[in-house]
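Two complexes are shown next, each including chain A; its partner changes from chain B in the first to chain C in the second.
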Partner chain A sequence: MRPPSPSIPEKDFLFAALKQGLRLDGREFLETRPVTLTFGPELGWVECSLGKTRVLAQVDAKMVKPPPERPFEGFITIHSELSPMASSEFELGRPSEEEVTITRMLDKVIRRSDVVDKESLCILSGQRVWHLRLNVHCLSDSGNLLDCVCLAGIVALKHFRRPDVEVVGEEVTVHPPTFRAPIPLSLHHNPYCFTFAFFSDTSLNPVLDPNLLEQRLNGGLMSIALNAQRELCVVQKSGGVPLEPGDILKIVNVAALKAKDLDAFVESRLQEDWEGRKIEIR
Partner chain B sequence: MLNAGGYRSDGRRQYELRTISIDLSPQGSGADGSASLTHGLTQVNVCVFGPREAKMRSQTYHDRANVNIEVAIAAFSASERRKRGRGDKRILELSQTLKSTFEPVIQTSLYPRSQIDIYIQVLQQDGGLLQACINATTLALANAGIPLYDFVCAVTGGVHSTSPLLDLTLLEENDLPNVTVAVMPRSGKVTVVSMETRLHVDRFEEIFRLAGEAAKAIHVEMKKSVRDRTEQLVASMQSVGRPPTGVDAGDEY
Partner chain C sequence: MSPNVTLSFDSLSRVDASARFGFGSCPQYLTSISGPIEVRLAAEQPSQATIEVHVRPLTNVPGTESKTVAVILKEAIQMEVIVEANPRTLIQFVVQALVPTPKVTDELVAAMINCCTLSLLNAGSIPMRGVICAVSVARVSSVNGEESMYKIQPVEEHPSRIQATGCFAFLFSDSYSSNTYSSSCVWTSWRSLHPGSLKAVEESELARARDAAQKPAREVWERMKSLVEEGERVKRKETWIKDASHSTEAKKMDVGEEDVNMEI
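And now, the complex of A and B:
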């Protein structure tokens, strides 16, 4: 089934508004929708929303035997799901284009850019390592699912704490969180993804964080993942409207500023949540 | 990667591109256009069929042609034998990137209700896979006589500590941050930017601009090969006999 394309009046309305420098939801061109992070009762359980786009991410860890070729490293697997519950456009079965993009982007942002220090996940070389599993569920899609998924994934990893373990000789003891404080994962950096949409009418400026209508009518998307230290992790502009090299560099710089703000916001929210979790030890 | 004399592991200089060889002769499969392109040891074969009637009516558009791209990577193409099925995420992503690259470049509105099929076979991989696929597809489309707005020329660039390198081999690609940039040389605009490794924004800017320039050098080669092929065809047509225009043919007999 092909998605129902927006009607012609809707399309004309959007473009007319953009021409006047206005977006339908009242945002500036380079402004994201408000981000909210809701933490669940368990560590590593985050619901992230970007306007009405909502994603749930959850991390758990278990101990496994490492593969013989990498005895010192733990590993991380990512499971993402776009169920028809998020949007009527998604179907079960063959992965859609968007699903492929999202899965690959998560993989690049979290695994290929080495977010998690894998060697720190080793417990006993060749015997026991942590296997992290990141589950991402898309709850509702109202545009720009990609950024929301990446943000949820990173925040979940930052929020997660694994149980403390003690190794004596060959003996491994796991201390439950009630006995010893669980330990946060050691993360190398925190990349955030930003998606910009362009329109076939090149006189229109690019918009950051497109909503559903803008996303349907775009002439090309460019996704940039980078951390607050201005290190790019992924730059992805596959086809669509061609752009001047100068414009691309401008967009990259905008994303660098946004990443800094978002990083500060995420840190403060995590701090707040952690404060609320403290229990008095007698 | 880059020794004290400024040479790379395969004896190239920093900004030196690998040898490009282009073969636009038909490949016997009845394709309307085909191209086989090598960048050093990376080799790609592309066949273009169409514009033709779509096999499935449901896939057609009433106002433009549908572009269908399929990529196959030969199991023997890399040093480690590995079979990648058609459902592989990496292959799906590659063909999606190529599709969205070429859809706005092909003048699809000239062929409503038809389909253009592009089949890409990767025979050898030695770095720069996306680059080779983009360049070869452009050539095959031109060879098939499908109207394009412009060439699309791609090149890979990388950074070794602070020195930029161009056209990376697999060895370099695995160790260095690298970015693939595809440029439309007539307007100088950029259609594809793809980077999957960590790189500082300031370094990115440098290599991005450099790759844009290098793509223009590749454009010269690509244009030359298309021109040579056409000249060769014209020459062989003339050697068979004058084109049968009405008046001339009457004069001879």
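And now, the complex of A and C:
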């Protein structure tokens, strides 16, 4: 069987190019690939692509009885499993290290950083709350699945609208979307994740949004999740080349600028999509 | 009654081919195929390729229903792929649902079969003996309850009026004659929804349902063919534009000429 990429000539070529300040796909060191967001016919369905890496995310909601220890809050579960569609190296039922990283980061970025206002998901305390389910499917892994997955998750949550609910006393009425316009989720903030790859040769600067080859040959990855208001949610660096504190601060500043641009882009895309739909008639 | 289908080739980068298919105006399934590739030793077969199908619903973990459908798809694919051509290899399909599918209906099974076929056509690396297209048919009793007709894709029908339903898969192949592509039914899941002596399935009824499904399946097949032709025509146009910039007079080639000049 052919050993997995990268081969030695690929490795040498990449490092030689990086030494000269060139990335193989022509980008700058701190430039991400173009982001495209495609929204589906239903609300809460989005296909996000970062260059050739593609991820599909979908949100749906159902009403359930809350657990007794938290009767005033709704909850959100995230399901993401890599299938052989993302790459034939992934096997079902055997999570690779990358898959575990993705699951944990998604959990940290979306659940633990309190993106969704859980109290607003409460309908009737102790009896009925919204249970949001975020399903993430990786369609194609061309490097930096993590950023793409986090972006798709956040955009799906922003795009989703839940049915309007009316509570009178103990009675709960759920209005179908044809009668009352569905309402958006109440989100505290919008974190975006940026991954930087370092190389074992410390003279090479870190690259933002590594593609497949760069990710395979990295000497360390650092992921930063932050929102457009410069609030850090997650900083993850698991192993790899040690970094100076000055380098880390530089990277955080770069990520902060990128987060602002990305936020503006996402908002404009959501606005465009919203205008194309007929959700309410006034 | 021609079924309204949406079909397109996709371009996922880490697999050998991918395609989308759906009955209606938006795609219901995205299938990716990789093959022939390396196979695990446990799944290796010495004289034929191993076919692996994974069905993944949009919401939820894949459960028993997904497994059932995966078995059905594997059977259908075995009939169209020549597995003896690549022994000791793996052909891996992943069928991803793009719409929520709380219950796998016959229409969805038909869509999945068509989607797998479409991605096989996009791959080109897997030898096939034919093209399998599927449609779902239901026998619906009319309003006054006397007559019953066969309808394709009866999603809007009132469930109580549906007496029997099923999906038919036809293999289109030119093995028999070169002029016309003949089709034969290779798989069906026709069943009566009211088991009992009065409304059980009869052989003649099965034949009628199959005949009703044949024409729409052929139309689905025509759509797939035209999708492949479109892709080919765009490629040829691009090369024509490149050549035209070099030559002084632009020769416009239409499809007939291209076929004549095409070398095999």
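Note that the second predicted complex is superposed on the first by the 275 of 282 C-alpha atoms of A that agree within 3 Å, B and C clash if a C-alpha of one lies under 4 Å from a C-alpha of the other, contacts with A are read in each partner's own complex, and residues count from 1 in each chain.
Criterion: a contact is a pair of C-beta atoms (placed from the backbone, for glycine too) under 8 Å apart; a residue touches a chain by one contact, two chains touch by 3 or more.
This one's a predicted model, so the numbers in the text were calculated from it and none came from an experiment.
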item: Room on chain A for both chain B and chain C (clash or fit); value: fit
item: First, second, both or neither for A:Gly40, with chain B first and chain C second; value: second
item: Which superposed partner A:Arg112 touches (first chain B, second chain C, both, neither); value: first
item: First (chain B), second (chain C), both or neither touched by A:Val172; value: neither
item: Touched partner set for A:Ser87, first chain B, second chain C, both or neither; value: second
item: Chain B versus chain C as contact partner of A:Ile123, first or second or both or neither; value: neither
item: Partner chain(s) touched by A:Thr101 [first = chain B, second = chain C, both, neither]; value: first
item: First, second, both or neither for A:Ser238, with chain B first and chain C second; value: first
item: Between chain B and chain C, more extensive residue contact with chain A; value: B
item: Three-chain overlay, closest Cα atoms of chain B and chain C, distance in Å; value: 15
item: Interfacial residue positions of chain C with respect to chain A in the complex; value: 12-15, 18, 26, 30, 32, 34, 37-38, 54, 56, 58-61, 92, 94, 96, 98-100
item: Sites on chain B touched by chain A in the complex; value: 89-90, 92-93, 96-104, 179, 184, 187-202, 204-205, 208-209, 212
item: Footprint of chain B on chain A - complex, ascending; value: 95, 97, 100-101, 103-104, 107-108, 112-114, 219-220, 222, 226, 230-245, 248-249, 252-253, 256
item: Contact set on chain A toward chain C in their complex; value: 1-2, 40-42, 45, 52-54, 56, 58, 60, 79, 81, 83-88, 92, 133, 135, 137, 139-142
